[in-house]
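Presented sequentially are two complexes of subunit A, the first with subunit B as partner and the second with subunit C.
Moving on to the complex of A and B:
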């Protein structure tokens, strides 16, 4: 099946850029620097276009021109004050914009943080240790695989209290306090280990995605860009190493 | 003048902060409308903050090109990538596809940005693994616990790990959903208490660093 020209070209570009970035595993080199700067430029350009579309067009121009929402000129003026940073004599005007953003942010944060991140978290931590069955008896669930089981509820309670105690320095960590703090350290270490393992596997998943693309682009329908560009990348690295110029200039 | 330069910004912070904090406790349509409007305003003002960042980057690389500093060619590549994307993106009104057909802007996204971003983050896997190899030595009991938790979670996330160590899947879920959750919860509570305290300090003018330096 013949692929459209833009898809084939896209395959070649994507393969080249992927290999250029992966060449960093050998050492820092001009091919990597080229791809790295292109990445910054393209992602910045993409952000500019998306911001222009969502902010300038959707939030400012269309509501003003189509619905006559002239009140939107107020945030535009506040935002424009930020640009006075470039005029030293008028730079203090930018404080109004920052004061507005910081004030609103702080005001929004107080009740919502207390409600969602403090009270709700405490509520979910301090749960009943037993449950009442329909026949009036009490039950205690032991299943470790069920995060809502009573046993796990106790473990979570111990974890939260011991970690909070570890970070509480108003009381000396001695005697029973030392034991609680040490339990907090063990919980923290397990969490850090889990976070590390999870991150590594997430990165591996991304790598598998890139390698899958490289395998797809090694197909004859694309003109085997993976093979040719791999050879080209390796040859370039060999030439650069021989010339002693693999190290790009210091930034 | 000191009122305009120093006290008025503090007053604006205090008034907006108190109004937005009070808004949460007023279940009235007008209060909800205020929240919607202010959220929209913040998005608009945030757009101008982006302009500040972009012009700063522009300035740094323009200076590099003008002075022909070491590596100025890479700055040219950055400019070309950015300007090319902006021009094509604006031409297509920021749309990646129109009527199901991919635009040039969508092409740039799919064949340039996605591979670059994916590979850039993927190579971190190698660096994390190499850093782990060098630093993950069970020198103490705590380090051994960390190492074991990491290994169990990694094994539990892949079929091979579960095949070699059948319990790893359940154990990994338990570590993530119970032990890790309890620590995250404790840290979240601590961080939130700090955030609330900082917000109060900002509103009442105790914390003023966001206003920047200067005599006034």
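Moving on to the complex of A and C:
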């Protein structure tokens, strides 16, 4: 099946830029710099165009011109005050815009964040350590795999208390306090380990993503860009190394 | 120089090569290691699976191409599932740099499922304001998005019939690579407008979102490529994520082995130096 020209071209560009970026693993070189600068430029250009189209055209000009929604000029004027930062004598006007943004932002975010992250999390941390059955007996669930088990509830309680104690510096961590603080460190280390493990997984996923695309673009229907551009990248690196024209990254 | 010392000073490019080969070979020659379905991924799947036909499902694709390898397979799988269940899909993004990618994902999956734009699904595109867009949608969806990505007025779209704001959404899933993402959808969306919420995220973000899962603030979480592979297995439509799982397992094993070997060499060298009296006990 013949692929459209733009798909093939996209495949060649994606392959080339991927290989140029990966060439940094060998050493810093102009191919990497080219791809890096293209990435920054293209993503910024894309953001500017999309923002202009959505904000200025769709949300401001069209409603004003087509529907006569002149009230939109109020937020436009507040936003325009930001631009007075470029005129030193009128820069004070931008404070009104900042005050508006900070005030609205804080007003919206603070109560919602307290409710969602502090109150809800405290509510979840303070759980019953035992359950009372309808016949008046007491049950205790031991499963470590069940997040709602009573054993996990105790582990979370110990973890929260010991970590909070570790960050409580008004009391010397000695005697029993030292033991609690040490337990806090253990919980913190486990948490950092889990986070780092997930980070490694995420980074490997990105590598898998790029390699999957390189394999896809090695197909004859694309003209085998992976093969040709790999050879080109390797040849360029050899030439650059021999000429001694590669430089270490500037500090 | 001892062997342990030589190994600890090995050129880092050799390690890059080993990791590269451990990733590439399983991609070229997959063995199909089993994939166990976790309860957090099943939470999202089960909820979508039990939704009645015609329910309003909102998918917020809050990522850009930098997170494509992890979140693209998640988005494709969830959309395939939603279209298979004949849900009314409202897709959008809070990330301006992800607009084109999100449009491609939605259009491609809809075309594959034979769904019609405006009738079965809509892609609203991006609107400025980050988290404030969620609040705006909670008050009036048509105010936040007067037109869809193709500039059609949203009020005239059949897929949005009976939908005025976020309270009319049956289920929402945010696939987030940062902020605004899953947390913003909880704080400014679910907590205020009381709809059910699920999440998908990159592997880096997953540990930070588990507290929300445990407390029931989100009803499921798809974490990274692994989560995407689980979802692909659940909908029985294997794709890029399942294909990458062998490579993921192999690279993890390689990293564990490298960490163990490095520690072994480190302690060997330390013992040698201690014997020579160069470092104290």
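We take it that the second predicted complex is superposed on the first by the 233 of 251 C-alpha atoms of A that agree within 3 Å, B and C clash if a C-alpha of one lies under 4 Å from a C-alpha of the other, contacts with A are read in each partner's own complex, and residues count from 1 in each chain.
The rule is short, and it goes like this: a residue touches a chain if its C-beta (ideal position, glycine included) is under 8 Å from a C-beta of that chain, and two chains touch if they have at least 3 such contacts.
Here the structure is a predicted model, which means the values were calculated and not measured.
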item	value
Touching partner for A:123 - first (subunit B), second (subunit C), both, neither	second
First (subunit B), second (subunit C), both or neither touched by A:227	neither
Partner chain in contact with A:215 - subunit B first, subunit C second, else both or neither	second
Partner chain(s) touched by A:25 [first = subunit B, second = subunit C, both, neither]	both
Contacts of A:83 with subunit B and subunit C, given as first, second, both or neither	first
Contacts of A:154 with subunit B and subunit C, given as first, second, both or neither	neither
Touched partner set for A:201, first subunit B, second subunit C, both or neither	both
Touching both subunit C and subunit B, counted on subunit A across the two superposed complexes	25, 43, 46-47, 50-51, 54-55, 59, 108-109, 112-113, 115, 117, 121, 124, 147, 191, 194-195, 198-201, 204, 206-207, 209-210
Footprint of subunit C on subunit A - complex, ascending	25-26, 43, 46-47, 50-51, 54-55, 58-59, 63, 108-109, 112-113, 115-117, 120-121, 123-124, 147, 191, 194-195, 198-202, 204-212, 215
Touching residues on subunit C, where the partner in the complex is subunit A	13, 16, 19-20, 23-24, 27-28, 64, 68-70, 96-97, 99-100, 125-128, 131-132, 135, 146-147, 151, 183, 186-188, 191-192, 202-204, 206-208, 211, 214-217, 223-226, 240, 243-244, 247-248, 251-252, 255
In the complex with subunit B, residue positions of subunit A that touch it	6, 9-11, 13-15, 17-18, 21-22, 24-25, 33-57, 59-60, 72, 74-76, 78-80, 82-83, 85-86, 91-92, 94-115, 117-118, 121-122, 124-125, 144-145, 147, 152, 155-161, 163-164, 167, 184-201, 203-204, 206-207, 209-210, 213, 248-251
Residues of subunit B touching subunit A in the complex	4-5, 8-10, 12-25, 38, 40-52, 54-55, 57, 70-71, 74-75, 77-86, 89-90, 93-94, 102, 105, 107-126, 128-129, 132, 142-143, 145-154, 157-158, 170, 172-193, 195-196, 198-200, 202-203, 210-212, 214, 216
